[in-house]
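Following are the structures in question.
Shared chain: chain A. Partners: chain B in the first complex, chain C in the second.
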Partner chain A sequence: MPRRSLYAAAALLVLVFALVPFVPGAPDSYLFFYLFLVFVHIVISQGWNLVAGYTGQISLAQHAFFGIGGYTTAVVSTTLLADGSYYFNPWTLLASGVVAALFAALIGVPLLSKLAGDYFALGTLGFGEIVRVALVKGGSVTGGSFGISISSEPFDTLRPHYWVGLLLAVLATAAVYAISRSRLGLALMAIREDPLAAAASGVDVLLFKVLAFAAGGFMAGIAGGLYAFYVFAVSPGGFLNLNWTLYPILMCVMGGNGTVLGPVLGAFVMTAVFSAANVWLPTAHPIFSGALIILVMLFMPNGILKAQDTRQGVR
Partner chain B sequence: MFEDLSLRLVGELVVNGVLFGPMYGVAAIGLSLIFGTMRIIFLAQGAMIVLGGYCAYWAFKLLGVDPYVTLVLLTPASLLAGALVYQLLFRRVAALEDKNVSLLIAVGLTFMLESLMSVAWTPDPRSITTGYTATSFVLGGMRISFTRSIGFAIAIAATLVVTLFLRRTLAGKAVRAVSENMVSASLVGIAPHRVNMIAFAVGIALAGVAGCTLAATYTIDPYFGFLLSLKALIALALGGLGNVGGALAGGVLLGMVESTSAYFLPGWSDAVAYTVFLLVLMFRPQGLFVRSLRKV
Partner chain C sequence: MRKREMLGLVAGTTASAVLPGIAFAAAPTEVTIGAPISMTGLLAADGLEQKWAYEQAVADVNAKGGVFNKAAGKKLPVKLVVADDQSDPAKVTDAMERLIKIDKIDLLLSTHGGDLNMAGALAAEKYKKFYMITTLWPHMWTPKKFKWSALFFYDAGGGAEVPFLIWEKLPAAERPKKTAIVMEDSPDGQGFGGAFAAMAKKHKAEVVMNEPLAMGAKDYSAYILKMKARGADAILLFCNPTDAITLVRQMKEQNFSVPYFHGWKGTWTGEFHEALQAASDYILADGFWSMDYPYPGAKELGERYEKQYKKQSVTAGMFYANAQVLLQAIDKTGSLDPKTVRDAVAGHEFKDTVQGDVKFAPDGLALISSSANQWFQGRLHLVYPAVPGGWQLKMAPPWNQRK
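What follows is the complex of A and B.
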């Protein structure tokens, strides 16, 4: 498809999604919630896509940044904005992303300068566990193992969540698209293919790795903030759940890791599968999801979009 | 008086760590074998251990079989199970450059096992109470639990067996050769799939051993496995990848770090363990117990 009509199709699709809340009865349906969840998953998956798909650094800390984002939103909402003016404050969302990105940069410098490959993955996993313990032991600031509740009083409809989610998903995908076509993206992909050769060609490997890691953390943090506004309560069990790392990985790998639209496609498909399993097989749902992960990996290890994209020479 | 007390305290902390640590060590050896041959982190190791623990629990509960008798039967069974897991799940993807794939399969297996166990046997914590569970003996003024000591002995024995297997048998030598250099190993006629399968089988057999000992000593629940996997990874990093004795020592060290930090910083012991883990990964990625510098 020529690029111009691709843009047009994407814009039309986004417009259709933006109009869904006006369909009578839609905001109360399960499908509406499903779409909201898809948007959250797209944002967090694009973050991982940037770190692992484009830069080649397997991070297992997406849930940590998601949690940090969620907690930032909760803490800001209950302390600084406790007068009730907080509802969907865009600055709070932004702050969630920034705080998560700061943590990512802070931990990224030592981890990325010293570790690569599996060791980096393990290191990020360790970081996530440290964050979990810190949140549980955080006393009155983080509310211990119960977490923090945000007042759900202003909640009326899921519509604002939906639109913000859609906007963030579009922005995240557009950001990945822009990065993938820029010098920055070229540097990231050079690092993925061969860090030594990239360094020899004048790419500041550590700087770009940390940048990508921080950008990935930023997206996860914002997704966490949005999700906190939806559940009105953050807790170590719900937000520091490893699923928030594993689902994005699954979505990226299934859709096509290191492609712009792979995570989007993966998010739609996998969220549909998980939601369906949740409705029809509530207790056995993770068995089903686990089996599905295994099957996808065995029979489609490269994802849906990857083969096509490499053939066209665009990644 | 105070000096006597603190000395005893230190002694108890050390002994507690030394007795529980080898459990992590045994799990770590399994991970190390699988990582050595296939270069993947088998995250489902912990879930496998818990599954082994449940086998021991139900054998005791329904048939009245002592957990240490189950151990004798479960070890060969889990050896077979390991071979089967490799053939069914990992054979197809073993040669792929993208290690994400095998990592995700292990993750999927963890999900499946955890929820299968929780659906079939409820998420309630279970423990085996035999006539000797509460037994302990006094050594140098310290009370030492009987089941913990047995667990310690079993861990040491398992480590010895694996070491002998790797040093003395042809199959073991093949595993070491593949860990050293996959390409050269296949050039001298070692079949990679067979070696991978052997490493997997031994790794899962160790999970069975660890599971039985765990169930005899501690309380298990279906979701305990992931934490065990992480602890095994820490032990592995402390000891150095591909180093059987080091993995055991890493487990002991981790046990001591945990028991000491649990005493001095209650609730933070996991964070302390992970911090040590990160520091070791960053500054001594070859492990604490390796003298020669091998490039990792």
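What follows is the complex of A and C.
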């Protein structure tokens, strides 16, 4: 398919999604909420895709950045913007991403300069624990184990969440697409394939790794900020839940890690699977979801998109 | 992505968004109550007990013909729909979305636990659905001035005062003189610890030790030696069941016992007794409720639970009462309108629930008392609040004097 047609088709698809809220009754349907969840998952997954899929660094800290983003939104909303102007304040959302990215950069430098592979993954997992404990012990600033609740008074409809989620998902996907086709993307992929060779070719390995890690943190953080505007209550139990790391990994793996559309496809499929299992198997859905994950790993280890490529002999 | 696939995706998305908009109006034939419940995750054990209690309450009402509905001009059967919140505060809203948008529930019963119920209350505010809550600290709920929920529960201070109120009823010679406060090193534990220390001060009880308990530790010798050295004769313990079992086992191994041992969270489960057997005798456990309460239906409900699960429950009654309040309010108003039902709860009294008479303040809060129950020969006996002719507290003898 020619690139121009691909862009046109993508633009049309985004337009269709953007018009969905105008369909009578749509915002009151569960599918509408499902699409919102998909968008949130796409944003976090693209963040992980950039770090792990393109740069080859397995991060287990997306939940930490998601939590930091959510807490940033909650703290700003209940302190600096307590007058009521917090709701969907773009600067608040941006701050959620920036604070998460700063934390990622801060922790990324020591971790990425010293650790790689499994050790880096465990290090990021440890960072998540540190964040969780810090939030639990944060006293009145973080609300302890109970967290912080924001007034849900401004909520009227899920439409703004949907549109902002769609916008962020499109921007995250476009960013990954742009990066993948840029010199930066080449550098990241070179690091993924062989860090020593990349360094020998003049790539500043640590700088690019930290950049990717911070970008991944930014995406997770901004998603956390958006989700905070949806639940109006952030808590360590809800926002520092490891599922915010595991689900995006599954989505990337299911769709195709290290591809632009893999996380998008994975988010649609896995969110549908988890939601459907939740609805129809309320007490046994973790078993169903777990079995599905095992089957995917066994029969489609490279994800849907790469499986198709493999069948066609295209790599 | 191929052109055909892209078109398919576009068509599918549009169709999926349009179809839910097609709805058909129908006369009410039943009342649908939704409840987000922790059926998986860390709180699943409590959640399944809660689900059982809600189901019993609904079944009991249906056995009497259901609840009155003005629009239908008759009693309608009640249907309970539950959704798993996965013990995750961020998933409570997800569960509520399902209940509201897929199951089209009329009114809601709460899940269990502070942060989960706060998320539920906020979701209820968003969708303007009435959410009848239990198990959420009033000091967290009240300042929010929620319009679409009501709460009945005890406050943390009231819960922490229970042992001191029990001691006041004892002969002076039997009252504990030196108290050890041992609270797990968690925010809940430390928050509760502060409340115990404040209550000890209020009741002029000497605290000889107030230390956080390391969670999940395998060796509590240091705590035991310290309590022994300081002559503690009462222990107020807040921790999970595993740590409580470990501590009691090691106290027995080190031949250290106190006349009064009162646990919160960790000593009420059947597993606590199963693990310790006779060593659990004399130990007190907190509870939300007791089947020994002299209220209509309490004993029967407790027996029903025991028959089914072969163990006692100190929580089921409160969840059952939560459903009783909601169902009585629906029946009284004959309405399913969330605001009408909420108004029928706030500022009103509900008589003869299994939790006794529950009186709600105009803001929708009803304060109740927590219970204290003593293990003896495999059963939990209600100590507080005391009931006429009820169980008399037994102070624990040293280990070597127990039969």
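One rule holds in what follows: the second predicted complex is superposed on the first by the 306 of 315 C-alpha atoms of A that agree within 3 Å, B and C clash if a C-alpha of one lies under 4 Å from a C-alpha of the other, contacts with A are read in each partner's own complex, and residues count from 1 in each chain.
Basically, a contact is a pair of C-beta atoms (placed from the backbone, for glycine too) under 8 Å apart; a residue touches a chain by one contact, two chains touch by 3 or more.
Since this is a predicted model, take the numbers as computed values, not measurements.
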item	value
Three-chain arrangement built on chain A, chain B and chain C clash or fit	clash
Partner chain in contact with A:T283 - chain B first, chain C second, else both or neither	both
First, second, both or neither for A:S235, with chain B first and chain C second	second
Partner chain in contact with A:V133 - chain B first, chain C second, else both or neither	first
Touching partner for A:I58 - first (chain B), second (chain C), both, neither	first
First (chain B), second (chain C), both or neither touched by A:A200	neither
Superposition clash, chain B versus chain C, among 62-70, 80-88, 98-106 or 134-142	134-142
Shared contact residues on chain A - chain B and chain C	136-137, 283, 285-286
Residue ranges of chain A touching chain C (in the complex, touch as defined)	1, 5-6, 9, 12-13, 16-17, 20, 23-26, 28-33, 35, 37, 136-137, 144-147, 149, 151-153, 155, 227, 230-233, 235, 237-239, 241, 243, 261, 278-279, 282-283, 285-286
Chain A - residues contacting chain B, complex	52, 58, 110-111, 114-115, 118-119, 121-123, 125-127, 129-130, 132-134, 136-137, 242, 246, 249-250, 253, 257, 283-287, 289-294, 297-298, 301-302
Footprint of chain A on chain C - complex, ascending	1-3, 6, 9-10, 13-14, 16-23, 39-40, 82-84, 87-95, 97-98, 101-102, 114-116, 118-119, 122-123, 125-126, 140, 144, 186-188, 191
For the chain B and chain A complex, residues of the former touching the latter	35, 39, 41, 89, 92-93, 96, 98-105, 107-116, 119, 226, 230, 233-234, 237, 267-268, 270-271, 274-275, 277-278, 281-283, 285, 296
